[in-house]
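Next, two complexes with chain A in common: one pairs it with chain B, the other with chain C.
Then we have the complex of A and B:
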């Protein structure tokens, strides 16, 4: 009797469980599709590349098939060349980015909070931002040589502008009532700057950093291509000098992957830092 | 009576200067006195300068003409003796409920264990127990305003300045919060200056209501609204006395609201 009752009772729960299961499966499928869909177009592009390169319309030198390029990347990875070049490029791009981020934020904050600093720096920022900083490369080579310091300097020089302007815009947009509240509770000017304005402007500052990061990588690669030496850009240039076509294309693929991963890492960092923010709240 | 006044506002004028356009006289010769532990409502049509008066009192805006004395001293800057609560809460969104309430206590250099205790006490007082670690973005409007009230009460100001604190809440939440504010006020008696454009709210909450005219804001009338009812008595809204007060104040405000509207159209 009791068993029969239990069975009768069980049926709806079982149905519900089955429904739950299919729903969970649908969600998972949806997730797979969505993350997969992002890569699908890339995959399609690679297949087109492979087919076109093997179609006989272009020579191996003009466009080596993707499989050959992949083979080249594998060889570089096994010999250790890839990792050394990657390490050098990442070190310089990220060091430049970090320096640009620190100086940029401090400069942006100082300009927002101090009229003299603003009066002095504002015109320089306005003139400097749209200027192609990469055009300074010959001067920087002249002053600082062709090694790490000069490359990091160019990266800083270029990546700092979006950080400064984002910090300025972010602080300008801080809610007046937030500032008044903090003042009301007895915050000093210094505390107001670092404890209230900076976190309140964090979403916009992070947007600035997200703009600055790919700039840092791009500028680093260009600097390497111009100055030579180790690094992904440098390796591409030397491959080009030796007419090593797969080597050149390998460089392009490597740079694309590195850039993609960097941007994804930055997006994750943003979500972490802004866990309190409306945009990440579900 | 005059000696007993805690806040003295004496012939204050204030001109609002927008970055573009011509300056506007927001307050004209405003004089007002507030007694200790009094609940005073500033009632007026939108744009009459009632919030401006509150900001002057808080020291957020400079007093240009006239004087404002709080406990005998002229107001020069914001200070924790005058706690403010804003319509849109002005919570620090990157801090949790607890973090928000703690901020003022940290600024006062209160020892850690004491401020933790005090913060918890005020979170409990406003009924947010269990939400200490929530961020403002995870809370409803009513809960955000409770947090803001707890944050301001926690640093123990003598005077509470409230700028349409329930204006951004839905009607039901607003009504509950009004009753709750009265309860809190009775438990921790403070001088309250409460800005509102809601006549019922003013009559229900305040001991006295100062009615302001349309721009430029002047004090048009001061009406006594102290009742012999318990604060939580819902019957108060239906009592003859209450309804008559609301009507009386409505008549005073309506004229000004119409003037304000005409000016906006013109």
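Then we have the complex of A and C:
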């Protein structure tokens, strides 16, 4: 009797499993199709670029062929210029981003835990967030000069706002019952912050960081272009001063690759850090 | 009324602190001129017309670029959401350009179109198109298939269906994308003018800074910051008004 029951029960689960399998297969097929198409369309773009540049409709200065640009990147890589510029740019952008992340999260937490801090910072944040802070770049140059410190400061100044607002919003959205039950079970204020609020707000905080990272890159490149010196943006600017247009296009390709990899890395980091959260399970 | 005043009191305190720090020479008054002198410099700039003429150039460049980005980017996003084959080939390109720090395009647009309006408009257009496209795409993908089917079965043409069904349901996310684009437009207009231009807010800031007219430079910087803030606030009001129909 029990065996018969089991067999009867088995059938739908088997069918469901089979359906799951075909669905997974279909999804994988779709993925293969999509990534194939993605590669194809990027390849097409590069081929069009090459052909258009060689067609004689545009000058070498306006649009150097992709092969020439790739050659330029190779030369830069072999001479070591690429790595030095890359290192400097990454160092400043990531240092600024890290500082903005730390200060931003601390500020966001203290604003949501302390009424005086909130009163003081709230209007500054809400007025400062939509402002084009890059306009302050010459002011920061005036104060701090044109070296690493001022470039990092510009990055911090721009990247901090999304972190603070995301932290504030994340903590404000923490389930009240979670906080009540933690208090009820005797959690101290410190424990409440570290063990309840920060983990519960983590998805939103990470979203804030994901907004801040591209801003940090954009601003770092602008700062290098304005102030000069080493770095991918600085190299592009000096290439354009010498009318070295393969150098300018090489800069775009390099910066695009850096941006792509960093943003990918951030998404992977998010999935790692939130592996306990239901968001990743989907 | 008093609560609003209390809310914005910190900004007033900050302004007073600025004035005091500069007045009592706690920091070099070259590096931080007192706010009152900056205000005087602002009125001077308004009177000789340089703030208005440069501002008009910047706003013209920004608004044309942004408008093009909204029209073309919005259309592109919705087309991607509706036509699968189009999506399969265009989406990777959008994904490719999405993480590109847009400021890298500044020297290239200058190579293509020179130092004038054209290069700035192209820059704003290219950079702002991406967030608008992604917003429109995500929004339009969320539009209910049932509504699309019923519109089609009731005889709506493709264009008609796009306009009447897909557009409204894509609107909230599209408008959010436009908000990101608006902020980006301000950043890029100022920085591209700072780097390569003979007109505009960014140029004026760089010019005043290099001639040592720091009070006037502060005045322009604060004006730009204030305009960016106001544009965002006005946009939020427009956004709410446009989304009124959703309950």
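Here is the rule we use: the second predicted complex is superposed on the first by the 241 of 282 C-alpha atoms of A that agree within 3 Å, B and C clash if a C-alpha of one lies under 4 Å from a C-alpha of the other, contacts with A are read in each partner's own complex, and residues count from 1 in each chain.
One rule holds in what follows: a residue touches a chain if its C-beta (ideal position, glycine included) is under 8 Å from a C-beta of that chain, and two chains touch if they have at least 3 such contacts.
Quick caveat: nothing in here was measured; it's all calculated off a predicted structure.
**Student:** When the two structures are laid over each other on chain A, do chain B and chain C clash or fit?
**Tutor:** Overlaying the two structures gives chain B and chain C room side by side.
**Student:** Could you look at A:119 and tell me whether it touches chain B, chain C, both or neither (first, second, both, neither)?
**Tutor:** Touch status of A:119: second partner only.
**Student:** Pick one for A:221: touches chain B only (first), chain C only (second), both, or neither.
**Tutor:** Once the two structures are laid over each other on A, A:221 reaches chain C alone.
**Student:** I'd like to know which partner A:177 touches here: chain B for first, chain C for second, both or neither.
**Tutor:** So A:177 only meets chain B here.
**Student:** Could you tell me if A:277 is touching chain B, chain C, both of them or neither one (first, second, both, neither)?
**Tutor:** The first partner, chain B, only.
**Student:** In the superposed arrangement, which partner chain does A:199 touch: chain B (first), chain C (second), both, or neither?
**Tutor:** Once the two structures are laid over each other on A, A:199 reaches chain B alone.
**Student:** Who wins on chain A residues touched, chain B or chain C?
**Tutor:** C
**Student:** Have a look at where A:185 lands relative to chain B and chain C in the superposition and call it first, second, both or neither.
**Tutor:** In the superposition, A:185 contacts chain B only.
**Student:** Could you look at A:109 and tell me whether it touches chain B, chain C, both or neither (first, second, both, neither)?
**Tutor:** neither
**Student:** Across all Cα pairs of chain B and chain C, what is the smallest distance in the superposition, given in whole Å?
**Tutor:** Between chain B and chain C, the minimum C-alpha distance equals 17 Å.
**Student:** Hey, which residues of chain C end up touching chain A in the complex?
**Tutor:** Contacts found on chain C: 6-8, 10-11, 14, 31, 88-93, 95-108, 110-112, 183, 186-187, 190-191, 194-195, 201-202, 205-206, 209, 214, 217-218, 220-221, 224-226, 228-229, 231-233.
**Student:** Please give the residue numbers of chain B that touch chain A in the complex, ascending.
**Tutor:** 55, 58, 60, 77-80, 82-84, 86, 88, 90, 92-96, 103-104, 107-108, 135-138, 151-152, 155
**Student:** Which of the residues in chain A end up touching chain B in this complex?
**Tutor:** My answer: residues 175, 177-178, 180-187, 191, 196, 199-200, 202, 275-278, 281.
**Student:** Contact residues on chain A for chain C in the complex?
**Tutor:** Interface residues on chain A, with respect to chain C: 33-34, 37-42, 44-45, 61-62, 119-124, 127, 130-139, 141-143, 214, 217-222, 225-226, 232-233, 236-237, 239-240, 245, 248-249, 251-252, 255-256, 259-260, 262-264.
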